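Have a look at these structures, which come just after this line.
Shared between the two complexes below is chain A, which pairs with chain B and chain C, respectively.
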Partner chain A sequence: MNKSVITEETVLQELKKAIVETLNADESSIQPESSLINDLGAESLDFLDINYRLEQAFGIKMARHFVLEHIEEMYGEGSAIDDNGQLTEKAVTLLKIRFGDKMKDLEPGMDMDEVPALVTVQSLAEGVMDILNSVPESCEKCGKSDWQAEEGVRTKCGSCGEPAVFRNGDDLIKAWLTKVQEEKKIF
Partner chain B sequence: MMRIYQGVDIVEISRFNKTFLKNERFVNDIFSEKERTYCETKKNPQIHFAGRFAAKEASLKALGIGMSGAGIDNTFREIEVIQGKSGKPLLSFSGWPEKISNKRNIIQFTVSISHSDSYAVATVILAGQDVYNS
Partner chain C sequence: MDSLSGKTALITGSSRGIGKAIAKKLAAAGADIVINYRKASGSSHAQAEELRDELESLGRKTLMVPADISSKESVKGLFSNIKDSFGTLDFLILNAAKAPFKPIEKLFERELRQLVETNYLGNIFCIQEALPLMDKAGGRIVFISSLGSRYYNPSYPLGSMKAAMESVVRDCAESLRAKKILVNGVCGGIVKTDSFKVLRQYWEEIDRLPEELFVDPGEIADVTAFLCSTASTGIIGQTIVVDRGLSNSLYRTS
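So, the complex of A and B:
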């Protein structure tokens, strides 16, 4: 359910701004389906920069662990990556549920280091939206349900001005994995 | 039989400084306390931080762990470059890199770092025991 007062369009716009500033890219070259690595030429320092900018802009905390890492932690050694460092069938099933068509090229047996090239502007924006949608029903300080978007990006209580406290990216990934496992019994 | 994994990375110091100087969290997110202590005692800490960053990136390449948005800073911190008694840099893996290293049966690793005023470069070689073909 979309609870965020910040729209996906705003997130995409802010992400494009972060990419333009970090990569000196031409904004018109940044499409939702653009791969950050293959199409926009992002390197590790760029990913760090973009993450910092998004965290600062929206007041959020992005995930600190890879989805594959969470899968292995929750469902055991070898559940996501086999002994050759390749994706398992179950990991691919999960990633396809999570990212849909945006990661349609995923295949079991793919090397783990091929996955990051599949990260697109849209998939990154959706990760940010997930966190923004975890805004609590009401303000922890005054109890009112009156979230507003300050300067379009910062979620604050319209009644007392307290900034919203979101769930962090790692907790949301774990909650999502638990829900999918309950529904689909993948492991 | 042994299997050899190699990774190399080059860091442009001016590009590194752009992220380093702009984000207060960067140093603590990416480098361990030992790494910070070592680099901060040097005349030009940023060059040494950049060298260690290159070594971490080269390790990711050798291990076959790609880098992307989520998880990148944590994974960098889990690769630590420490100083041996002779001053030679040594690698230490924990967390996810250690798990991948174990999956690949890595039994030996070496790292080499070099830098000029403009660039820092590092190579990492990992030797893994090939349990399937030995």
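So, the complex of A and C:
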């Protein structure tokens, strides 16, 4: 599923811009593998600020909640994070399926407060790409399949100019969790 | 307004937003400032350093203390630091807050506990530890509340904690007046701080509010400074709304 007319390179570029503006970071210090918290000094409020800038840039809705929260909302409190605030084995299994090697430091028993530090520039960019790839086959208004990237960042119908409506980040995470659960029966 | 020189103020959560504006205002009036923020690393720390440099360039003494007010131990450490550096405290400004943005019924148990620990217990811990430092000369305690204490904001469980806060203002104002500690609150309207960036993600209509209804952090700081001055000795146990008329114009009864 790779339908976005906006390139990953553009996404990384916009993300860097958002990080520079939010954190006063030096652009040369921002690498794909940089941890927003550990390497770039972001805090939870900063994430929301960065997300907001990305939403404005691309006309999308980023996820308001991280995967762990969605797991607990769907499968109950305690399913992802135990009473001591530590990751359960099932949560780690799921995060590894989702993020693969990029989050290789993950292990059961890890403190939940350490998880946000695993978010990197690359993983955030992929989150944006997932949303951009949810662009519908054709324009809801005129029915044509002719998406164009206006100014490189805004997906618009090349025929009638209607902006694309993407799925929001939270819905995509929930849909992914449902699919994985159907296949692997983790919970 | 009279000078606050020679006085010491602690503003919890002062590396950003409203807390930062209050720190600047009290420093401009002459007070020495204890800058508090939660985490010893990250963007708050960097912003606290910037604030420290700015206040010191005015000739004020400053003390930077990272401390999570939801932890009693951490609060004890904060105040023992203040005692060592300044000996006494004149103004305690309870501004720090942290809360998830979710409908209340969707909060997990740990989120509910954190909500109460940071935004209710944390403030009480601070008062308990501040009292010995205010014992001799008395002082002022100012709580920073928000309109969420009285009106519905979407996905804003912090509002219920602010309602509790305004009740604590009335309570402590009575019990501490004999110690010459005057307790009041400032209830802010909608302020464009970092938290606003979050609020607007849950409340899209807010972007359509006319610009003149947004409160400047400095306007909340002005009233806070007033509540620390001798000009306000007649005000006890009140929470003053500073909202540019928002609540009056939108929530008015006929």
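Throughout what follows, the second predicted complex is superposed on the first by the 186 of 187 C-alpha atoms of A that agree within 3 Å, B and C clash if a C-alpha of one lies under 4 Å from a C-alpha of the other, contacts with A are read in each partner's own complex, and residues count from 1 in each chain.
Basically, a contact is a pair of C-beta atoms (placed from the backbone, for glycine too) under 8 Å apart; a residue touches a chain by one contact, two chains touch by 3 or more.
Everything numeric in this text was worked out from a predicted model, so none of it was measured.
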Superposition on chain A - do chain B and chain C clash or fit: clash
Contacts of A:L23 with chain B and chain C, given as first, second, both or neither: second
Chain B versus chain C as contact partner of A:G41, first or second or both or neither: second
First (chain B), second (chain C), both or neither touched by A:F66: first
More chain A residues in contact [chain B versus chain C]: B
Partner chain in contact with A:W176 - chain B first, chain C second, else both or neither: neither
Touched partner set for A:G85, first chain B, second chain C, both or neither: both
Touched partner set for A:G127, first chain B, second chain C, both or neither: first
Touched partner set for A:Y75, first chain B, second chain C, both or neither: neither
80-88, 98-106, 134-142 or 224-232: stretch of chain C that collides with chain B: 98-106
Contacts on chain A seen with chain B and repeated with chain C across the two complexes: 37, 43, 45, 48-49, 51-52, 64, 72, 77, 81, 85
Footprint of chain A on chain C - complex, ascending: 16, 39, 41-46, 101, 106, 108-110, 194-195, 197-198, 200-202
Residue numbers on chain A that touch chain B, as the complex places them: 36-37, 43-45, 47-52, 62-67, 69, 72, 77, 81-83, 85, 111-117, 119, 124, 127, 169, 173
Of chain A, residues touching chain C in the complex: 23-24, 37, 41-43, 45-46, 48-49, 51-52, 55, 64, 72-73, 77, 81, 85
For the chain B and chain A complex, residues of the former touching the latter: 11, 15-16, 18-19, 22-23, 25-26, 29-30, 53, 57, 60-61, 63-76, 96, 99-100, 103-104
